[in-house]
Structures are given as C-alpha cells and as structure tokens.
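For reference, the structures are reproduced in the following blocks.
Across the two complexes that follow, subunit A remains constant while its partner is subunit B and subsequently subunit C.
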Partner chain A sequence: MTDMTNRSAGKSNAEHISAGLARRHRKESILKGFGIAAISFAFLILGILLMTLVSTGYKAFTQTHLTIDVYVDPDVITRDALPRGAFDDLLENTLVEEFPDVDSSQDRRALLRIFSNGAQFTLRDRVVENPDLIGQTVSLNVPVADNFDQLNKDLISRDTPEEFRRLSDQEIAWFDALDEAGMISNPINFGLLTNADSRFPELAGLKGALVGSFWALLTCFLISFPVGIGAAIYLEEFAPKNKISDIIEVNINNLAAVPSVVFGLLALAVFIGWFGMPRSAPFVGGLTLALMTMPTIIIATRAALKSVPPSIREAAMGLGASRQQVVFQHVVPLAMPGILTGTIIGLAQALGETAPLLLIGMNAFITSAPSGPFDSATALPTQIFIWADSPERGFVSRTSAAILVLLAFLAFMNGIAIYLRQKFQRKW
Partner chain B sequence: MTTFAFALLFAASVFGYAWNRQAASSLRNDGQRLHSLSGFHGLYSFLCVSIPVFVLILVWLVFQGSVIDWLVTAPIAPENYATLETGPKQLVLAEIKSIAGGRIFGTPEDWKLAAAERLIQLRTMSAWLLLAAVFALAVTQVLRARRRVDADFRARQGAERMILGLIQFCAIFAVFVTVGIVFSLTFETIKFFRMVPPLEFLFGLNWEPQIPIRADQIAGAGAFGWLPVIVGTMVITVIAILVAVPTGLLTAIYLNEFASSRARAIIKPILEILSGIPTIVYGFFAVLVVAPAMRQFGADLGIAISPNTALAAGSVMGVMLIPFISSFADDALSAVPQSLRDGALALGATRGETMLSVLFPAAIPGIVGGVLLAVSRAIGETMIVVMAAGLIANMTLNPLDSVTTVTVQIVTLLIGDTSFDNPKTLAAFALGMMLFLVTLVINIFALRIVRKYREIYD
Partner chain C sequence: MSFTKLSTSALAILAVTATAAAAQNRQEIRVVGSSTVFPYSQAAAEQFANNTGAPSPIVESTGTGGGMQLFCGGIGESHPDLTGASRAMTASEYELCQTNGVTDISEALIGYDGLSIAISRDSENDWDLTLSEVYLALAAQVPVDGEWADNPYTMWSEINPDLPEVEILAYGPPPTSGTRDAFVELAMHAGCEELPFVQEGGFDGDWIDENCSRMRQDGPFVEAGENDNLIVQRLTADANAMGIFGYSFLFENSDTLKAVSINGVEPNAETIGDFSYPISRPLYFYVKNAHRGVIPNMQEFVEEFVSDDALGADGYFVERGMVALSDDQLAEVQSNVIEGVNMDPKTE
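The block that comes next holds the complex of A and B.
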C-alpha cells in the first residue's frame, strides 16, 4: 500500500530511499560515536586510575635520609649495659650540637623528632654488633620522620599557615638548616621492599607481605595445580556421560562464580574453627585461595585438552597405547602450554584476592617477615588494605607504591602467560 | 618432622619404583614374556606406597592438633578448664602453648606449667609416632608391591586403576568444596537462628549488630534485621549495572560491528586490563579519587553528598564490570548466525540498522545471561565496598547517601577477634548464607540461559 501512495506522489522507490538515506547514515554514525565514547570512557577511567597511582606512589620509591656523625659517648652508653642504653639521648645531643641555641628540654625533644623513630634502634644495633664503636664517632644514615619526609617531597606546603600545618616554622627552619649543611639526601627507598610493616610510615616496608604472599601462592599452586589438572583430565577424557558427571560439571561452573568472601567464611569455619589451624597463616590463606583457583584451572585445562585434535589420540590408540597412555603421554604434554597459561592467570587472580584473606586474619599487624608458611603474616593485598586504612598521611603514597608493586607482579605473571601462549600454543 | 615424613614418603616411593622396575627387568632378561612393561611394575609400586602414606600423613596432621589439645587439657582440674566457656578456654590454651614455646609472661600457675610440659612431650611423641607409622606403612607397602612382581601380573591395569581413582577423587573434590561451603554456612546459620529468630532476621528493619557488654545496657541487645543491608546492596548493584551495562554494550557493539580487526586487537586487551586489576585497587581509587571528586562536584552544585556515597562505590564497581559485560555481549553477538546478518544487509539495511534491529535482538538472551552474572558479581563484590561504602545500615534508596552492603557487614563483623558463640560473629555467617543462596540462584539461572541460547544456534 505504501508503495502505491509513494508512486502516486510522483516519487520512485530509489528516490524515496535516498531521501531517508542521509538520516539513516547519521543514525549509524551516532551509534558508532556512542561506541567510541563508551570505549573512551573506559580507557579514560583506566588512565586516571593508573595516573593517580603513579603520581601518588612514585614519591614513596625514594626516602628522605639524614646523614649525621654521632659520637657514641662512653658516658651515656656503657659496654656492660648493652643492648640497653639511652641511644635517643645520644641522637638528641648530636642534633643539639648542630643547633647550639636550642636549650629548653621541650625544644630538644622536638629536635629529636626529626629522626625517624627507628633511628635509635639502627644506632643501637650497630653498637651492639660492634661494641668497639663506643667512644668513637659513627656516621649514621637514617630515614627522617614522616612529616619531614613529606616536607622534603613537597607534600607539606611551606605556604600553608603554621596552625594548619603539621610542622611548625621552627621545625622547618631546623630541617632547612640541615638540608643546607648537605646532610639531607633522598636516595632510592630499598626499605620499601626490605623492611617489614611498621607503625611509622618512613620505616614500613613490604617484606612481610611479599614473603606471606609467596608462601600463600606456593601453597595455592601445590594444591590447585595437581587437583585441578586431575579433575579436568577426568572430566574431559574419562568421565562417562551420566548424571554424576553432569552434577560435577554444573558444580564446578557454579563454584567459579561463588563470591570470594564466601570462601573466606568457609575457611574461617572449617580450617580455623573445626581443624584448629592457626589464624593469619599464609598456609591457610593459600589453602583458601586454592579452592578459589581450582575452578579457573579446571576450566582452562579442559579447554586446552579439547583443543588437541582427535587425530593425535587416534594415532596413539592405533599404535596400541592404552587410553591412559594416550592421555598422559600425548594429549596432556601437547595441552601443557594452554594449561600453564590458565594456571598462571588463575594464580595472578589469587595474588590480588583480598576478602578471604581478611576473614582468616591475614590483616594482622606484624613487624617481622614470616619464617615459614605457618607463621602469622600479611599478604600484598591485605597489606595494601592495612595501609589504606592507616590515618598517617605518609601511608597514602606507600599504599599507592604497594599497589604499583602488586600491579607489577600481576603484569609480570600475565606477561609470562601471554608469552607462553604466543610461543608454544599450536594451531592444528 | 613433617618435612622429614614427606622426605621419607618420597624416598620410599622412589625406592619402590626402582626396585620393582629392576625386578621386572631381570625377569624379562631371564627370557620370560612380561604382561606389562617394567616401567608399569615400577609405577605400580610407586602408587602403592605414595598414596596410602600420603593419606596417613594428611590425616595425622589434620587430627594431631585437636587430639593433643584434648590430651593436654584432660588432666587439668575441671574448675580451671572444663567448666569454662569457649572464649576463656581458648585463652588458657593459648597461654599454655606460648609457655611451651618458651614465651612466659609473669608467673603462671603450676598446673599451666605442667600442661605446657605435657604439651611439649606430646608434640615430640606425636612427631616420632608419625615417623614410625610412616616408616612401617611404607615398608609394608614396598614389600607387598614387590611380592606381586611376576610375568603374568597385570601391573599396567593395576597402576591405571589407581590413577583413575586419583583423578576421579580430584573431580569429586570440587563437589566437596561446595558441600563444605553449604555445611559450614548452614551449621553456623542454625546456631545464629537459635539466638535470633529467623523472622526477625528476614524482615527486621534495623541492623545494629552488637553484643551487650553489660546486661542492663541501653539498646544492648542489638538488632539483626537484614533488610537495610540488602537494600543497600541493591542500591550499589543497581548503580554499578547502570554504569556497566550501557558502556559495556556500546563497547561490544562497536567492537563487533564497526571496529577494524586491528583496532579490536588493541582495544580488547586494554579492556581486559580493567578486569585484571584487583578489586582492592579499585576500592583505593574510589576512596582516594572518585568519592572526593563527587563530593566536590556536589558541593559546587549545592547538594550534600555523603563522603562514602553509594554513588562512588557503585560507579567504580560499574567500571570494573565493563569488560565483563562487553566480552559476554561480544560473544553473544558473534554467535548470531552469519545468515541473519547477511540477510539484513542484503535487504538494504545499514550496518547500524542490522545491529540494532537484527543482531542485537537475536543476541538478547545471551546478553541477559551475561548481565545476570554481572549482577551476581556486583552483589558478591567485597573490597570496593569495604573501602568505599559505609558501615552504618541506612534504610534508604538515595544513592547520594551512605549505605552498607552484605559483604561489608560480613567483613567488618569478622575482622578482629572471633569466637563462634556470639550472635555478632554468627550473623556474618547468616549473611554469608543469604549471599551464597542469592548468587547461586542468579548464577544457575544465568548459566542456563546462556547455555540454552547457545544451543538454539548451534
């Protein structure tokens, strides 16, 4: 009918179409534009996220240090009293020598606060290690307290009025004098990787978290890898098509989508509550992560096994191999790159997983690195959580720095996975 | 000691392997025709030794802790231990353990010292017993396996049966995990419902999980109505979906229909980065950047926005879900048969029209499945909300307000010290149970839709 009316209006079909064509093309470019806008939005957020992390985090990769010669006064420190001794007085006296006009005991204490809280222990450890230093002058290179570190990195502005600033004018003047004397340096902050956690941002490092994450991931790998591969091989190669296999399969798919916090509840109730395993231990964390990683590994392994062509199986069978010989000597080795890729991706997910570790107490405050998988420890993501929750300003940049370290590990692991895939995976 | 037991296990298995293999080889060298290759005789012995010994060690390790605890505390006078509540009991036990570990604080009572002494003895004894048991079992198994070496022995079938059993167990292990989840949650939830009536939990309008310090405290009983918590979860989920679905779908449409294959090869991996970033990083981002920015924006417009507004947590979660939605939608669009696409184009539809009126409607079931899975993820997502959402349960639908979610409550209730006998801790398990059930139903439903839809076109 419409055709008839159009014709009667004196327009041909082609004319009618071309009249609307511009509008239709416009509509298409609008759709395309929306698509580009959506992608740009996602990229923009990703860019802002990474930029924020880098711009707040890079400052934590250096640490302001104070280099000072300390005279280990035999009147203050005696050999017999070691490791006790008023090392803080020693540091205080040394600084007072730099600023002779400071005399009230209140100011003297304020002066001491330029040092990080750990400075006296660094000095003590050196003297305990070598008691001959008593009576000599020791050159000490120690972190300054967090506020001064931030001042040096321009995170505390000198233009802020004194009452809103966390450092008084006097303290800034002292610091500038030390800086002028060439005693302030800003070297690379190896402490970020070699120190364990601390209440004081300038001393806090990731060693405990790195070691804890290592043990947890190792446990996770040792459990989820063999069990996951075994399950996948059974389901893909041997399982009869029946109700039980279906149940197992549906079950694994659902397990992959169970919220991670539920695994934490399971670990808390079963591993810690019923089996009496220790809280905060990387072993328990690894066990929990293994349960979560297993479905990922199973799914990846099955896909890898499926991609091995039937001709391989048939050829091996034809030569008289048993079914298991076919699978274990031919199919699995050929599927190995795919299996490894899936495993590494699963482990990378496990490395970033936080919620279940929080529930089993891996967010404890622990100032030494664990010496084994059963010691209390934190993990990288839980350490980030602890630092992100800390009120001290210095922890903001440390948190970003810790996230950058975590992301570097993830990028590295995914890089290996991609390399394996490119290098070894065959197209049949 | 455990390390030593494992070393023993390994050594015995390898020895069994070598011995059997060697025995089988010498049979063959004597001119007999073996049923199985000598390697299979070795493998048979290896499995015969390693499986039972491994199980023995595991069972020992799982139970030794509780058995030792029981033996240590059994002789303690009842008024000092047996009649105590769970909390103090654990404290006493912890003190005994730290005394045994050499960390003595103050002057402990004599019975604690005696118990610590006993603990040390039992531990040493247990370790030696374990070694002895492992050794005995390993030797028996090695000998038993060796005795079976014979020209007619079907070693390959024997070994393969054991391997099949092993991998079967691996597959069933996944079912154990689910059963473990269901059992532990149910068990603790039932304990919770004994203290708090289920009706109050399901329909209560107040969520103030606290336990009274004194009996006569005002509002001491706490309130455990989960409705405000689930409403908060819904608010954040809806925000996340509102951000993720349009962005994800438009991304998928562009990638599927308009992007060149080179652009696809660049854009897809970058999007995948978004899903590879750990959620705690998103949480930190929400707290550090998004929430303050929104607050500032609101202040400029004269609207008061709470510092932990649901909008911040929800929108950041939405960004996290973009690649999830887009890859599901992309798969669904690609699964639509080429003939439909060709047909539409042949009739003169533009590519945009083909997409919007042919491909997209045909792909809707698959997309819906993906969106449902994203919803279940958003409900179960934990770290973003723990860091960026509020702790107080507000019964509100206003996205500018602070709301709390199920996962936030689970984490905050269980962080710190936990004992399994007060409603505050158990409430977390009840919430976990609800979370598990809700996500399970959504997942099953979504997976079914996705599968059914795939079958239609296959």
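The block that comes next holds the complex of A and C.
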C-alpha cells in the first residue's frame, strides 16, 4: 500500500512536473514572443520613419542643373558698370537664342524664369572676379528654378491639367527642348551642404545651420564639460555626505528632467535680457544648451567615478598619494571612457534640441553662414523648423533631407561614443 | 593641476569674448514680426544682400504681437530695426513704443493677404459657402431653435440642405497662430454677425467678441499645428476635408487643392486686393526711423523693401503669393517710407 502510494505519488509527481513543464515552456515562449514583438514594433516604427524620410528626402540630394554657354556681351556688360549690371538680360538673351521664335517681352521674361534666381549672381561673381571674361563665352552650369526641378523629378505631374499646374505647357515644352539638347543634368546636390539658407529651394542649403550648430556645440562643450566634471568630482570624491549634498544630488537629478524650453526662457531673460548678449548668436545658444547638458554630464561622470573599484583608490593612498593625486592621476583617467560617453550623448541631445533655440531667436532667416560664434545663425533643428514651414514645394523634400543630415550627425556622434567605450573600457 | 588650469582658462577666455561680443557694433539689419510677412521680408533680405553685397539682414519670425514687443522695446543696437505685422499697430502698442522712446516710426502698408479655405481637387463638389455657414459649421456655440447652444451640426447638409451631404471636417491653425486670430476676426465674427439670431437679438460687438470667438472642440474642427504643409498633405489624403491657411499655400499647391468660394467669390489676387473676397487682411511693416543712418545700410534696405521690384504688380512679393497694392497706394507708401515720414499717432 505504502509502496503503491509512493509509486503513484512519484508517478504523479513526475507527471505533475512534466505537465507543468509544458505550461511553463509555453509561458516562457509567450514572454519571449512579447519581447520580440515589442522590439519588432519599435523597429517597424523606426523603419517607417526612415522610409518616409528617405522616400521624400532622396530627391533633394540631387538638383537639376542647366549647362549653357553664355556670351558676355560687351554691349550689355561694361567694365565700368561692374558689379551692378544687367546680368539677367544676358541670361535672357542667351535663352532667346535657343528659342528664336520667342519674341513677346512677357514670354522672354517667362523663359528667363527657367534659371534659378541665383544664376545671374553666379555669372556676376565670375565676371567680377575676372573682368577679362567680358566679350568671351562662359560655360555656365547653374541650378534651374524650383518648379522645373520638381518637374524633372516628376514631383510636378505632366498629366495635371494646365490650369492647375504651376508650369504652363509652353514652359514644359521649353524645358523638354533643353533636355533633348542635352543641357539638363541632375548631379548630386552639393549645394545642400555648401550653400547658406535661401528663399529659393534650389539654392537653399544647410551651411549656415551646420556652422551655427558647430559653434553652439563647441561653446556648450567648453562650458558644460569642465564645469560638469568639476561638479561631479567634487560631489563624488570630496563632498561630505550630509543633508546639503543630498539636496544638491536630488536637485541635479531634477534639473536633468526639466523641459528644455524652460532653459530657453531662462536664457532669454538672463543672457539676452540682463547681460545684453546678441539675439540669434550660436554662443548664446551654446550657453543655453550647456545648462541643459550639464546635469547629464554630472550624472554620467558620477556613475563613471563610482564604477572605479575602491581598490584602486586604496592602493594609491597606500603608496602615499594625496587625495587630489588619487583623483586626478588614477580615478579620473580610469573613468574617462564613461565620462566621454556621457558627454557625447549629452552633446548629441543638445544637437537635436530645438525649443530653447527658438526662444533665443536662432530660427532667423540668414543668407550667409556665420563667421564666428557671435554672428547670427541658425542650428540644424531650427533650420528644419523653418523649412518645414515654407510654402514652396521644393522645401518638402529638403526638409526630409535636412532631417536625414541631422540623423547622420547624431548617429556619427553616438558611433564615437560606442567606439570610445569599446576601446577604453576596462574590466575589473 | 593642468586640468583645472585648462578649464579655468577656457572659462576666462569665454567670459572675455562674451563681453567683447556684446560691445561689438551691429553690422546687420534685424527684422522681426509676423509669420505672414516673414516670407516677404526673407525675399527682400536675400535680394538686398545679393544686389549690394552688404551683410544679409537677419529676419526672424516672432508673430505680430511678439514683433511689436521687441520693436517697441527701445532705441539702440539690441533692438530690431523693422517689424512686419499682419494687422495695423494697436493703440496700446503705439503707447508702448512711445514710453520706450521709439517715437519716430514709419508705417507702410505693403499689400494684402487672403486666408483661404481649401479642399482637395478630388472633391466631387464645387464648394461655395457664406460666412455664416462657415460660422455654423466651425463655431463652438451656435443658435439652435432660438437658443444659444453647443454646436449640433455634423453634416454640411444639416446647415443648408443645398450643401452636399458630407461630414464637416476642417483643419485649421492653433490659437497661438496669427492666422487663427485673423480667421476668427475676419470669418467667424463676420459670419456670426450675419446670423438672423444675432441681428434680431441686437447684440453688439462686445457680445460677438465674447460668444463667437471659440472654435468647436468636438471633432469637426481639428487644430493641425503651425505647419501648413502638413494640412496640405492631410487634404490630399481626404477628399472631403477642408483646410484653413494663408493664400500663399493654396497658390503653391494649386495642382492638388482648390479654393472654397466665399459668398460666391474665389480667392485670387484681384478679389483679395479689392476685399470682395471677405477673408483678406492688410500687411504692414514698421520702420524705426531713429535707426536710419545708424545701422549700416538701413536706408538702402528700406528702399529695396518698398521698391517696384519687390512690391510692384510683377514684384517678387507677388510671386510668393502676396496681393499687390494699387499703383497710387504704392507710390504713396514709397514716398512716405523712403523719406521717413512718421505715422499718425494711434489712439483708442
């Protein structure tokens, strides 16, 4: 009887376990399934984001150009009249030669509009630089106006009835004739990176924003890095552990969670209001971003300092090093990879920050790149903001392209952070 | 330690350069103001920089009210030189300018801007609404059976049986936008005034301000953020949705969008300019005359801004969707602004 019960109990126990095993396996695979689903959902969303950006943005990475030989007519352009002069008349005459049947002045003006508005200035700059060109023929390779660019990229459909289209049938016919003559090309749009902002999409570029972001980030780094590390070292290594240091710690953590627009308001009141610093300057933007980045750096640095094992400190002290020597010769160098990673991630966050920059006027329209940190400039995210709000069609794809450029910079900075972590990481 | 030395010296250098920068003379012209005038100020600034080779003026879009605050902040390099406005300066703003020493201001009417209600070209119907129909469709509160009550309408055909049996759905600007202010004032208030309930009730302007300013929150009116391009995309996706935005966006997207006529009038350059299209407004800019001759190139920039190339009937402002002034108006503006004639004081 006892044997029986033992046997049956043992049997039922094994059965119980094996029955439960299936259930437990099932639960585990469900959990795993949820995890995979969550990750795939995140990837799907990221994929959709990138897909929409690339699918609208890739067209902005090329730009339709017109290559044409322009005879710099000494009757129209004289040496004395430089740099002012009728360079647009010159372009108009050149195109009219291509289409001799165009005679009304209205049509001639319409013909000229195939050129980007920047074409006359490109020609002017070349002639001003080298006045000997007057009387000679210059080969000009210039962007076409946005409407024609959109047409060439099939963003303006030829099937749309003429009265609804931005381009008339006549204009399309002119463009096609130029295309057949092999004068239209669609090269890579270097202007997107080398031009400053413009109201003409075909001329607008990110140079001003890139330089502005560079100065702002440099300022942000020069201020937040030393101050942040100094604060972290003091709090971690020297500060006595008492109520006050607790309060400071809580406040730093809170500061890291303050919405960035609040820092923008602070900067507007203090830097621009009290100190009278210039509006729209990347230097002020950098100061504002530094306020925002500092808590991130302090927290990352403290975590990195904490992770240096106490044995290092004790060994150094045992050899007679002072506390300062311990910190600067042993602990900080060992913590550097963690500190740098935190700093770069903080700076990458600052690079993408928009709200505080809007408040200090870094969303201005400026057609030249800044030459220093005190010149007015935009930053990458504010430039995207401006373009997203512009009515011209060409800015739709350029906005996406600018976002892709910003994402590339962010990925690059995060890549550096990963590289530093891999390269200098130590295991104890 | 070298580390501490390095960081303190870096901070010191920054502090010195900061003060140096604050003391440096401003070379560029600064323009602030309405987001509606922004594209035109941009155009003038770029043209000016290209033509003259002078440092490009810095144009910031701050909204009309925000621009006035900055502009009237005072005289001197830290204050902007010009501001754009999508309405005339108010008496209180004029007062603010006076108290801060900005006494010499030139006012220039530069043109007109229409607010358009647009719908996709895929829409089967040709739309023609009256302002009171627009009001009844989009306001928070409307007269229902002789009572002032929450808006019950969900279909256009419920408002007027002649209108198509289509659900009311309109995307419009948020309350922070100047376009919204203009739409409420020009379309909603005017539409409210036309209602028989309001006319028979003998209500005055204050009553209308108080009761007719709210857009409905229950779905048919969707605040679509400041980004008008986004509204354009939504409209192409939904043939029955309407969008409310500046005329320049309709103008740029005329291949996919068509206008909703108001009182039988379609928005175009002509109807906006002579105000027969009812939702149109004047655009202004204001010049701080004390800065002329102090800020380099200021006079030249102002001349570019009011030149025929910019403001004229074939000017580049018109290319961007603005409606030009008549020749007489233009000549008057040009002479006033170029010579720096001060505006008449604004009073309540």
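Assume the second predicted complex is superposed on the first by the 387 of 428 C-alpha atoms of A that agree within 3 Å, B and C clash if a C-alpha of one lies under 4 Å from a C-alpha of the other, contacts with A are read in each partner's own complex, and residues count from 1 in each chain.
Here, a contact is a pair of C-beta atoms (placed from the backbone, for glycine too) under 8 Å apart; a residue touches a chain by one contact, two chains touch by 3 or more.
Since this is a predicted model, take the numbers as computed values, not measurements.
After superposition onto subunit A, partners subunit B and subunit C are found to clash with each other. After overlaying the two complexes on the shared chain, residue contacts for A:Tyr58 are found with neither subunit B nor subunit C. When the two structures are aligned on the shared chain, A:Gly276 is found in touch with subunit B and with subunit C. When both complexes are overlaid on chain A, the residue A:Phe164 reaches subunit C alone and has no touch with subunit B. When the shared chain is aligned, subunit B comes close enough to touch A:Ile384, but subunit C does not.
Residue contacts after overlaying the shared chain place A:Ser376 against subunit C, while subunit B stays out of touching range. In the superposition on chain A, A:Ile403 makes contact with subunit B only, not with subunit C. Of the two partner chains placed around the shared chain by superposition, neither subunit B nor subunit C is touched by A:Tyr71.
In the overlay built on the shared chain, the residue A:Ala257 is in contact with subunit B alone; subunit C does not reach it.
When both complexes are overlaid on chain A, the residue A:Phe99 reaches neither subunit B nor subunit C. With both complexes superposed, B is the one of subunit B and subunit C in contact with more subunit A residues. None of the stretches 21-29, 75-83, 93-101 or 129-137 of subunit B clash with subunit C in the superposition except 93-101.
Of the residues of subunit A, those at positions 226-227, 229-230, 275-277, 324, 328, 363, 388, 396 touch subunit B in one of the two structures and subunit C in the other. The touching residues of subunit A, counted against subunit B in their complex, run 17, 24-25, 27-28, 31-32, 34-39, 41-43, 45-46, 48-49, 52-53, 56, 226-231, 233-235, 238-239, 247-248, 250-255, 257-266, 268-270, 273-277, 291, 294-295, 298, 322, 324, 328, 348, 351-355, 358-359, 363, 381, 384-385, 388, 396, 399-400, 403, 406-407, 410, 414.
Those residues of subunit A that touch subunit C in the complex are listed here as 83-84, 118, 121, 156-157, 160, 164-166, 198-200, 219, 222-223, 225-227, 229-230, 275-281, 283, 324, 328, 332, 361, 363-368, 373-374, 376, 386, 388-393, 395-396. By the touch rule above, subunit C contacts subunit A in their complex via residues 1, 3-4, 6-7, 10-11, 14, 17-18, 21-22, 24, 26, 28, 30, 35, 38-39, 41-43, 45-46, 49-51, 53, 55-56, 58-62, 78, 121, 226-229, 246, 248-249, 251-255, 258, 320-321. Interface residues of subunit B facing subunit A in the complex, by the touch rule stated above, are 62, 65-66, 69, 156, 160, 163-164, 166-175, 177-178, 180-181, 184-185, 187-188, 246-251, 253-255, 258, 267, 270-271, 273-274, 276-285, 287-289, 319, 322-323, 348, 350-353, 355-356, 373, 376-377, 379-383, 386-387, 407, 410-411, 414-415, 418, 420, 428-429, 432, 435-436, 439-440, 443-444, 447.
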